[in-house]
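Please find one structure pasted underneath; my questions will follow.
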Amino acid sequence: MRPSGRAPDQMREIRIEPGFTRHAEGSVLVSFGDTRVLCTASVEEKVPPFLRGKGQGWVTAEYGMLPRATHTRGNREAAKGKQSGRTQEIQRLIGRSLRAVVDLKALGERQIVVDCDVLQADGGTRTAAISGAWCALRIAVDKLIEAKSLPSDPIRTQVGAVSCGIHNGTAVLDLDYIEDSAAGCDGNFVLTADGSIVEAQVTAEGECYDEEGLLRLLRLARIGCSEIFQAQLKATGK
Amino acid sequence: MRPSGRAPDQMREIRIEPGFTRHAEGSVLVSFGDTRVLCTASVEEKVPPFLRGKGQGWVTAEYGMLPRATHTRGNREAAKGKQSGRTQEIQRLIGRSLRAVVDLKALGERQIVVDCDVLQADGGTRTAAISGAWCALRIAVDKLIEAKSLPSDPIRTQVGAVSCGIHNGTAVLDLDYIEDSAAGCDGNFVLTADGSIVEAQVTAEGECYDEEGLLRLLRLARIGCSEIFQAQLKATGK
Amino acid sequence: MRPSGRAPDQMREIRIEPGFTRHAEGSVLVSFGDTRVLCTASVEEKVPPFLRGKGQGWVTAEYGMLPRATHTRGNREAAKGKQSGRTQEIQRLIGRSLRAVVDLKALGERQIVVDCDVLQADGGTRTAAISGAWCALRIAVDKLIEAKSLPSDPIRTQVGAVSCGIHNGTAVLDLDYIEDSAAGCDGNFVLTADGSIVEAQVTAEGECYDEEGLLRLLRLARIGCSEIFQAQLKATGK
Amino acid sequence: MRPSGRAPDQMREIRIEPGFTRHAEGSVLVSFGDTRVLCTASVEEKVPPFLRGKGQGWVTAEYGMLPRATHTRGNREAAKGKQSGRTQEIQRLIGRSLRAVVDLKALGERQIVVDCDVLQADGGTRTAAISGAWCALRIAVDKLIEAKSLPSDPIRTQVGAVSCGIHNGTAVLDLDYIEDSAAGCDGNFVLTADGSIVEAQVTAEGECYDEEGLLRLLRLARIGCSEIFQAQLKATGK
Amino acid sequence: MRPSGRAPDQMREIRIEPGFTRHAEGSVLVSFGDTRVLCTASVEEKVPPFLRGKGQGWVTAEYGMLPRATHTRGNREAAKGKQSGRTQEIQRLIGRSLRAVVDLKALGERQIVVDCDVLQADGGTRTAAISGAWCALRIAVDKLIEAKSLPSDPIRTQVGAVSCGIHNGTAVLDLDYIEDSAAGCDGNFVLTADGSIVEAQVTAEGECYDEEGLLRLLRLARIGCSEIFQAQLKATGK
Amino acid sequence: MRPSGRAPDQMREIRIEPGFTRHAEGSVLVSFGDTRVLCTASVEEKVPPFLRGKGQGWVTAEYGMLPRATHTRGNREAAKGKQSGRTQEIQRLIGRSLRAVVDLKALGERQIVVDCDVLQADGGTRTAAISGAWCALRIAVDKLIEAKSLPSDPIRTQVGAVSCGIHNGTAVLDLDYIEDSAAGCDGNFVLTADGSIVEAQVTAEGECYDEEGLLRLLRLARIGCSEIFQAQLKATGK
């Protein structure tokens, strides 16, 4: 029995509200249950120095968590003067995941920065962030297409992510904070709508696992992501 | 005529949603029109080093702005590794304003940190932040009183803040971004519900002003703050 | 009775020694009683990036305090690796105050940086700094004019500043450290020689205040600044 | 055909030289071909603040790369003033991997810090680091056991790591720099000598992958790690 | 012929004004010609962590240069967020030089921090700083003795410093900025009043030197320091 | 009697292994007894900004120490976010020493960065670093000459360095850690193969010294450096 009463292969309620803020070219508030992440996509008509003049664009991401998004207040990274290793690890993952489904040449010499800021955390912030970031990116790119700034769509397919883990000996989908804290092993899977794996990361936390365990988690991730893909389509009006 | 069509002494719509996030002891989302600030109050059962053993509490504030809260994306302060002078100036002002209405001895040896994070900016983020911060603080203190952790109410009165300025020669209340960018002079007033001034800051931006101008802005601020005080009472269930 | 024996509307002795150091284009040591601030103006034949090619100049300021300018030694900001919020707030105020009386277009594409370093502190360092900074700027601009690098004088008028506050229930002018530490409310006023207000900042410290209090402080500030304006003229040989 | 002429399931030559430096309680120089990492284990008779008085120990790791370990010189992180996201990600992985095979309660209230410094890089620095770090830890713990500072052995089993990836359509083991730069997808596997998986991370770089691909890489990793486990035993005199 | 017209073994005018600022326990403004350094000694009734409970005191120094102390404005170290290597090198030298003449056990468990801030630079700032720092320290220690906080005098003798170098083939004493910029080799000597050498640092700048050159510079340094020692005695009322 | 049993004028065993790492244009592992420093020279076809377009090259150095190079583990500078004053002082000395024997005009518009990383420390790391750095530089320059990128040899002569000090009243050569910790005075001498002094730094540590002491140390340094120069020639195949 999961603490939340969910079935092992049951996601939390997914909500994706487009247009949550108005200045960004793309913006959604994504919720996986009580985990809520504001994702905004900003289009910049320039690329980072290492890409100048290379005829291609770039997609990158930044991640942050409001100090009191969590059960007990954390220090503000801006006040501490540096981003934690965890923050950097997550924002690198989000960026890689988005770039996996974008044709950077087709994007042209521009950069899209997706900011993922966690307003409330209850486990799975990085997977909610990736899933919402794709929507923000989709909306921003749609605006570029509408404005005829892009001759073709650089986004090849959808990308979504979900966490899975072994909790009390059972493989479960979309861990909340309570499950996450007690999981024997947990992983994050980034999948595309056409069935490929972009990234799989599974970490033993006390309990090691084997091939069968890995595949079981991956099967759950496929279930969760298909639900995420539907929510993404609905939110972006596809 | 103001760009928004408002009358000179007309506030933007004020909304204060209590309980916007669930972990913080007090939390509101405050909106002054399109300016939206998430304010959370966190109670910590310890005081900063300089107050240890002095038999009193502390109230402090931190301020941040999401990178794409604004029209064009700003750099993330956590990534730059330092808070700007503007950020520090604002968070010091919020902290001072709250402490002006709190009896720190009556608070006991605990600290309340109020985080004000701007989700969307359209002028007046610091005044919205102060006005919302008071609500978050009020809610957190009410919980301490309910839990019998506080023998008496340490909050003496309400505090609110609003900006005023001279725009196209007219003194106007609660400047939005367009007005703020073009104002000849603008100021922020922090007032209490019992009619006192906590802080007045008026800066010439191109146009200097005189006593009469100062008083005219202050009169507008009184009008705006009385509306804010009502919204605060409603949001905190008083 | 004031601790120093001064009358409520009595400034401390103002001294402004031009040419205190020799490398800077303009340099003065300004004293308001025991508060002593070295102000130097450095002319740079370039503007900050955000102004390049805009056909105008810039005036900015930096502020620092020697570690043992104060009663007990403070940490050196260079050693701590960051400037405090207070430092940044003050240097922003000095820069704004100077720009309020300079025609940046008439200055041409150059920048003048005014450094204000407190050698000894006894209250009112920011107001002494502004008052001295204007002199350093005046001297540097006079050299540009003499050298025929400037066709016309970009400085429109004088700017000076003084603090005022309520001490033991009495409104007093130019607070020293003892008064400042005990003031119920205190403010800084930046005024121009032609009678305008550039900036007014009044903060309640324990005691809130009202319109009448605000105006009383402002009247004192006018008295103090007229004395400052005379000292400025004398120091800059006008 | 691999650039190095190796068979797809062939590791580079593994060398582990114990005692490469003399001050550390445990020290090895580990080489996977031209990748050479100096691993030192330092025993400290104290634990980090979050574990004080909890009756358990801690194992953590730090990772660095000498500026010219690589083909072109990189900036020194100490000079830049911060560790990159990549560095932090790697050192977190090394620490987690070691803790997965250590009984922290049996270690007692002490900390072992394993420093992994890359002297020369040719792909796979993090997996060589983990494999060498275990040896340094093993040697340091053996000294504690010999000195009767530990009643029982806190290390449960061996841990090793290797990278695998898809290069030119073929799954290959232990990628060198040339293969790594061109791999369509690559992953790092951390395995224990008793057959469990501690961590699996597989990232698509241009080419997405599926379950079968994931399992193929994992099978290669098992081959590589069994060779690593033998080298570890030989180096630590077991 | 020296640019200043001085004889090869002629110091610039040395002035040491005691009591230049009033809060510090000891304070002097030392001038070697146009090089002017404010030195303040602050007594703290505690020692740094590494000396706690060891029954001895500590003397340390910090060094800074105002941004426009030099011919062209330098960046403010506090704004850059770090002290340069040069600054750190100099402040370590000043601290070592002072400790060489202080009996730290006789000082008791207290620390004296000497701040040396360059108001105007014209070569030789570090040697003027050491020479002035000793005076500030002497004055502060005298106050401790007068207050009966010290049973005996912990200062064993005087310490002073001067620069020497080869300029246009001639060994010259107390280089000013013009000479320093063009010197073939230059050095700094820290000597005590009883004839010992505390520190000798001679660096070739283009021209290497030999034993004879080294001794020639040292002979000049002895001449310069004897003049410094007299000025120190006069300034500290001995 | 020295702790190591060496004669007063006896160096530790000097070993210089060329080609210790393979990516750098020049690389040696230099050992003075148990002190081991990896020196790599990296050729960059650009110069630092202050030299652009000046028709000359630059040689600079960086220095680091692995956290457990020492008896007890030190903090990693990259993790602390800044280089210590000691580190900066040493790397400035290495750079100056190398530039003293290089004709920067003959080097052309390129920069050579020499990294000196201490793998194991037992006293004298900076002198071993300078001695090894010259070899790395020599090897890198030889490659440029072979590749016909340099018309003539920009290296004028060899440079080496050694420490000397007074230990138990006796002047001794090449102090190891035990001697260094207990030395009454110690110095570092940087000499060239043609008999000149590049840099002499002698510091009293408890015991002051005089001319005779200085010359005695210098005589020892000449003995040590002649041995170093031979080892350099052997290592660089001259």
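Letters A, B, C, D, E and F mark the chains as written, and numbering starts fresh at 1 in each.
Convention: contacts are C-beta pairs under 8 Å (C-beta built on N, C-alpha and C of every residue); 3 or more make two chains touch, one makes a residue touch a chain.
Model, not experiment: these values are computed from the prediction.
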item	value
Relative to chain A, chain with the most remote C-alpha centre	E
Gap in Å, rounded to a whole number, between the CA centres of chain B and chain A	32
Centre distance in Å when chain D and chain E are each reduced to the mean of their C-alpha atoms	50
Residue list for chain A, restricted to those that touch at least two other chains	81-83
Traversal of the chain ring from chain E via chain F	E, F, D, A, B, C
Residues of chain E defined as touching chain F within the complex	82-86, 88-89, 91-92, 96, 100, 187, 192, 195-204, 208-211, 213-215, 218
Chain A residues touching chain B - in the complex, by the definition given at the top	21-24, 27, 34, 36, 38, 40, 42, 44, 62, 64, 66-73, 76-83, 87, 113, 115, 117, 119-121
